[in-house]
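Next, two complexes with subunit A in common: one pairs it with subunit B, the other with subunit C.
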Partner chain A sequence: MSEQRAGWTQGLYHAVLWLIALVFFAPVFWIILAAFKSSGDLVSPEFRFFFTPTLDNIGKVLAAPNFNIRLTMSFVMSIGSVLLAILIAFLAAYSFSRYRPTGTNFIMFLLLSVRMVPAPAVLVPLFLMYSALGWTGSFLGMLFFYVMFSIPFSLWILKGFLDGVSLRFDETALVNGGSRLHAIFRVVLPQVKPGLIAAAIFNLIFVWNEFIFNYILGGQTTTMIPYIFATGLKQGGATDWTFIAALSTIYVLPPIVMIYLFQKYLLVGMTFGTVRGEV
Partner chain B sequence: MAQIGTFPDHPALKGIAPPRGRLAGLRSIEGSRAFPALLLAPIMIFFLVWNVVPLVWLLGVSFYKYKVTSSREPAYVGFDNFTDLWRSSEIWGLIGRTLTFMVTSVGLATLLGVLLGLLFWGSGKMPGRRLALTLLFTPMVLPPIAVGTFYRLIYEPSFGVVNHFTQAVIGRRFDFLGDKNLAFGATIAVDVWMWTPFMILMTLAALGSVPKAELEAAEVDRLPWLKRLWYIVLPHGKFILMLGILLRTIDAFKTTDLPYLMTNGGPGNLTEFVGLSLYRTGFEAFQMGDASALAVVTLLVAIAFTSIYLYVLNYRETRAQLT
Partner chain C sequence: MADIRVERLRKVFGPVVALDDVDFSFPDSSVTCLLGPSGCGKTTLMRIIAGLEVATAGEVFFGERNVTGLPPRKREIGMVFQYPVVYKGINVRENIELPLKSEKLSAAERRRRVDEVIEVLGLAAAADKDVGRLDNGTRQKVAVAREVARQPRIILFDEPITNVDATAKLQLKRAFKELTRRLSQTIVYVTHDQTEAMTLADQIALMRDGRIVQCDAPRTLYSRPADRFGGWFLGNPGMAFFDAELHGNGTFLTLVSALVPAPLAVDGPQLAPGRVTLGIRPEQVLVSTDRVPGAVPARLSRKSVQIGGQWLLSLTVPGLDERAFKAKVGPEQGARLPESGEVFVALPPASITLFGPEGDRLPASFPAASAVAAD
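Here is the complex of A and B:
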C-alpha cells in the first residue's frame, strides 16, 4: 500500500514476504539438497539435518546410458523448434495484424483451442498418423511437432504486440523507398522485440517441460530428459531416489534460471500474450 | 513527402534505397494481393498437417472399434463408442473426479493467490525482490513430470520429509499417495503449491491495472481498506483476475503429467483425471476407438473453455477502449 511504513514495520513486512517466497521454494530446495546426499542419508528413517555432501549422484546421472543424447535432444528440440515457430508465427502475425484477412479471428481461435486440450486427446490421432506415415521416432517428426506445439502461443503473443505497433512504421519505411520485407524485418520486427523474447522464453520452457508427446512419439534418438523419469520409475525394481533427485535438479534448473533472467516477461509469457505488463 | 507523419531520422530507415533489378521483381510480389497469403503459407501448412489432418483422423477413428495391438481390422460401429461412453459406469466417476479436482484446486489456488497477491502489492522496495519473486514463481514453471516424481520422494512413507514432520508433531506416518483417504488431497496439495504462484502473479497484474489516480483519491478521502478493495480495486482488477481463473481452470482440466508418475491415477482410479484416463485408454489398453470418442468430447469442452476465455478477453478490451 502507499502509506509510508516506518523502519521496523517495513523490515518485518519484507521479512514476511521473503519467508513466503522461501516456503514456496522449500520443496525444490529439499530436492536439490537430496541430490547431494548419499543414499544412506536420504533414505534414513530419522531426519538428518546435517550430512556430508557428495557429487556422486550428479556423476551417476551424467554417466547414465543415453543421458547425453537425452540432454542434447532437450536442448536441440526446444531451441530448434522455438526458433522455427517464432519465424513462422511472426510472418503469420504480421499478415493477420496488417492485412486482417477474412477468418483471422477464427484461425487464431482454433490454434489457441488446440493448445487448451488435454495432451492425450491430441496425442491419440497424432500417434495414429505418425504410425501410419512412419514418422514415429524420426527427428523431423518430433521437431516439427514441437514447432506446431509452439506456434499458437507465439502467434498470440506476437499478434498482440504487432497490433500495438502503429501502421506509421510500415508506411514510413515504404514511403521512404524500402521494400515491404525491409519494413517487416528491419522496421517492424525491432519494435516487437519484447514480444519475441517473451514468446521464445516461454515456449522454450514449455517444450523443455513437455513429456507425454515425446514419450509416445519419440524414439531412441529423439526422446528427451523426461523419458528417463518414466523409464526409471515405471520398469519395476527399487527406485533409486538419489538418482531421481539429481536428475530432477539438473532438469529443473534451466526454467528457474530463465525466469530469473527474464522476470519482466513472466506475465506476458504465462498468459500467452493476452495480458501485458510487468510485476 | 517524407514529412507527412513520418520520422525520416529513425535508425531503422538507414540504408533504404529504391529497388533495382531483381529486387524490383520482388517488389511486385510484395505488392500483389497474394502477399498476405504468402506470409501465411508456412503456418497454414503446419496447421493443416499437424492440426486439421489429425482432427479428421480423430473424428474418423471415433466411429470405429479399433484396438491397435489386435490383428483384427478396425470395425465401423457408428456412434457406438459415444453411446458406450455415455452409458459406461466409469464416465460419471471420471467427470466427477475431474470436476472436483478442478474446482478444489483452482478454488484454493485462487483464494491463496489473491490473499498473498494483496500482501505482495507493496513489495516494490523489497530487498532482493527479483530473487525472491523467482523463488516464489518457481513452482509454476517446473516440469510437471519432475514435480510428480520428486513429490513421491517428499511424500515417501518411511523417509519422506513430510513424514518426518508428522512423526515429530503427531507421532504418526502416513502413506499419502497410497492411502485412499489421503491420495486425492495430497495430489490437490501439490497442484495448489504449483499454481498458487500463478494466481499471485495474476493478482499482482490485476492490482497493477488499477489507475493510480483513483487509488490516490481514495487515499485523500481516507476510504477504509475494504471499501477501497470493493469500489476501486475490484471493478478494475476483476477482468485480469477472471482471465487468470479461466486459464487456471483450463490448465487444471489438462492435468496429465503430474499424476502420471506421482500416483499413476491410483490408488484404484481416485486420482485419474480426464487426461490420464484418455492416455490409459489409448496407450495402455490400446482402445483407439474409445479413446477417440472421449477425445472428441474433451475437445468440445476445451473449445467451450477457450470461447469463454476469449469472450472475457474481448469484453475487457472493448470496455478498455470505451473508457
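Here is the complex of A and C:
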C-alpha cells in the first residue's frame, strides 16, 4: 500500500520535473526550430510545428561580415584567457592554501568583490583606464581583461580544492627528491583536476557569453560573436529573427556540448568547490 | 654509514618548547622507534631530520655529513606519513614508479624495483588497480612501497598505521616487520602506540616533553625503565607505584612498605635512607587466596577479564593509602579468585623497581630475595 503510494508520488514528482524542464527548454527549442524556418514560417501568427526546413539562415550567418573573425575571437578569447587565468589562479590558490599569508580571507573576499560589482559601474572607469593605456581595441588588452575577469572565480574554486589536499602530498614530493615546482605541478595539480575542470567550464561560459566589455573595450579585430547580435539585429528596418535564431543556434552549440560532457563539474563550480560530490 | 645524529637540537613554537636540546644518535641499519605521548615532540624531531621543519638551534648529521641546511630533496631519505599519500588517477604500479622516473634508472631496473616491493608488501593483487579504489590500509602500503623502492639510506615513518582500521593495522604491522627484517636501511619510526613500538623496534627511544628520556631495546625499556614516566607509560596498565622508605645506616639498608610483611634487605650504590617510590608491573604482583610467604592481606574490589584471557584486578592494601592499584593474573588463577573479598598479595623482590624522589630509577638489588622465598 505505502509502497504503491510512494511509487505514485515519485511518478508525480518526475512528471513535474519533466514539465519544468520542458518549459525551460521551450525557448531554446523555439530558437533551434526558428533557425531552420523561412521568415514567412517564423513570423506567421500561429506557431508552425511543421514546415519545410531551410539552411538559408545558417548560410546567411556564415556569410555575415566578419563572422569568421568573430567566431575565431570567441574561441581564442575564451580558451586563451581561461587557460591563463587558471594557471595564475592555481598558483595563487596554492600560495593562499599552503602559506596562508596574513589577511588571506580578506584578500580572497576582495578578489571576489570585483565580480560582485555590476558591469555598468566599472565600465566607464575601465574604459578610461584602457584609453589611457592605449589598450582599447588591442588583442592583449582584451585578453588580459578576460584573464582578470576569470581569476577570482577560479581562485575560489581552486583554493577550496587545494585545502582538501593534504600537505603531506607536498612533503612527500619534496622528500622524494622533487623541487617545489615538481611538487606543485606534478604531484598536487593532478589531485585537483576536477577543480581545474570546474573552474575552466564556468569561466569559459562567462567569457563566451560576455558582451558589454567586449563591445566597449574591443575593436574590429577583437570583438566576439555576441557583438554580431547587436550589429546584425536590424535588417532593412526590422528585426531579423531568422538571423538571430540561426546565430544563436550556432553559438549555443559549443557550450551545450561542453556542459553535457562535464555536467558533473557544474555543481562543484556553483558551490565554489565546497560541494565536491563524486568528482 | 647512515646513522642519524642530532646535536643540541632545539625547536620552539612560540612559547612551546617542542624539542629541548636533544642529543641523540639513531644507529645505522636498525629500526628505532620514537615513542611518547601526543605532543612530546617526536613528530617534530622526525620532521627536522627530514628537513621539513627548520630547527631553532642545533645540528643534524647523516653519518659524517652535516645536513642541517639541506632541503628535504637533497637529503636522500624516504618518508611515510600518517595520512596515506597516493596519487589519484594512476594505478598502484605507476604510483610506486613515479619518483623513480626522475632518477637515472633504466626501465628494467625500475621495473625490477617496483616488482620487488610489490612482492615484499603483498601488493600483487592490487598492482594494476587505480588507487582510488583501495582502502586506507592498502593505500598506506602503496605509500610505503613508493618510499622503499627509491632505496634511500634512511626511511622515516610518521605514525603510518594510526589511520587504518584494526584488521588492516595488524596486517600492516606484519608487513612492516617483514619489510624491516629485509631492509638494511636506518629506520626511524614515530608512534604513540607501545605495542607497535615493541613489535617493530630494535630499540625504542622514549620521549617526554621534548626530551629523549631513555633509549633501550624493547625488553630492557620495559623491565628497567629509567624513570617513573617510563614505568607508567609502558605496559597496559602501567607500573603501579607506592610510597616506601629506606631505613638503616650507610652499610645496611632495608625497604619498609605496607606491601612487604617484613623489612626487606636492599643493596645499591646510590641508596640512602629516606623516602623512595616502589614500582611494580601489574603482571608481576602475585595474588592468591592463601597466605604464601612474603604476602600481605589485601582487599580485592573488582576483577574483569581482559584480552587474552588475563584478569585485571583492583586491589587495596590496608595501611597503604586507600588508592586502588591494578594487578594482572593469568586466566586460571583469575577464575579461581572471588569477585571481591580478602586475598593476599606478594611482590617478588626481583620484580621491584625503586625510584628516587626525582622519579629516576635507583639501581637496587635485594640480596635476601631467595631467603624470603624460602622462608
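The criterion applied here is as follows: the second predicted complex is superposed on the first by the 251 of 279 C-alpha atoms of A that agree within 3 Å, B and C clash if a C-alpha of one lies under 4 Å from a C-alpha of the other, contacts with A are read in each partner's own complex, and residues count from 1 in each chain.
As a convention for this text, contacts are C-beta pairs under 8 Å (C-beta built on N, C-alpha and C of every residue); 3 or more make two chains touch, one makes a residue touch a chain.
Because the structure is a prediction, the values reported are computed rather than measured.
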item	value
First (subunit B), second (subunit C), both or neither touched by A:212	first
Touched subunit A residues, subunit B compared with subunit C	B
First (subunit B), second (subunit C), both or neither touched by A:121	first
Which superposed partner A:187 touches (first subunit B, second subunit C, both, neither)	both
First, second, both or neither for A:175, with subunit B first and subunit C second	both
First, second, both or neither for A:66, with subunit B first and subunit C second	neither
First (subunit B), second (subunit C), both or neither touched by A:241	first
Contacts of A:38 with subunit B and subunit C, given as first, second, both or neither	neither
Set of subunit A residues, in rising order, touched by both subunit B and subunit C	168-169, 171-172, 175-179, 182, 187, 190
Subunit A-facing residues of subunit C, complex	50-52, 71-73, 75-79, 81-83, 85, 87-89, 99, 102-103, 143, 146-147, 150
Partner subunit A, residues of subunit B touching it in the complex	1-2, 4-8, 10, 12-13, 16-19, 23, 26-27, 30-31, 35-37, 39-40, 42-43, 46-47, 49-51, 53-55, 57-58, 61, 116, 119-123, 125-128, 130-146, 149-154, 156, 158-159, 161, 164, 168, 193, 196-198, 201-202, 204-205, 208-209, 215-216, 219, 240, 243-244, 247, 250, 253-257, 260-261, 274-276, 278-279, 282-283, 288, 291-292, 294-295, 298-299, 302-303, 305-307, 309-310, 313
Residues of subunit A touching subunit B in the complex	1-3, 5, 10, 13-14, 16-18, 20-22, 24-25, 27-28, 30-31, 34, 42-47, 87-89, 91-92, 94-96, 98-99, 101, 107, 109-114, 116-129, 144-145, 147-148, 151, 155, 168-169, 171-173, 175-182, 186-187, 190, 205, 208-209, 211-212, 216, 226, 229-230, 233-234, 239, 241, 244-245, 248, 251-252, 255-256, 258-260, 263, 266-267, 270-271, 274-275, 277-279
Residue ranges of subunit A in contact with subunit C within the complex	166, 168-169, 171-172, 174-179, 182, 187, 190-191, 193
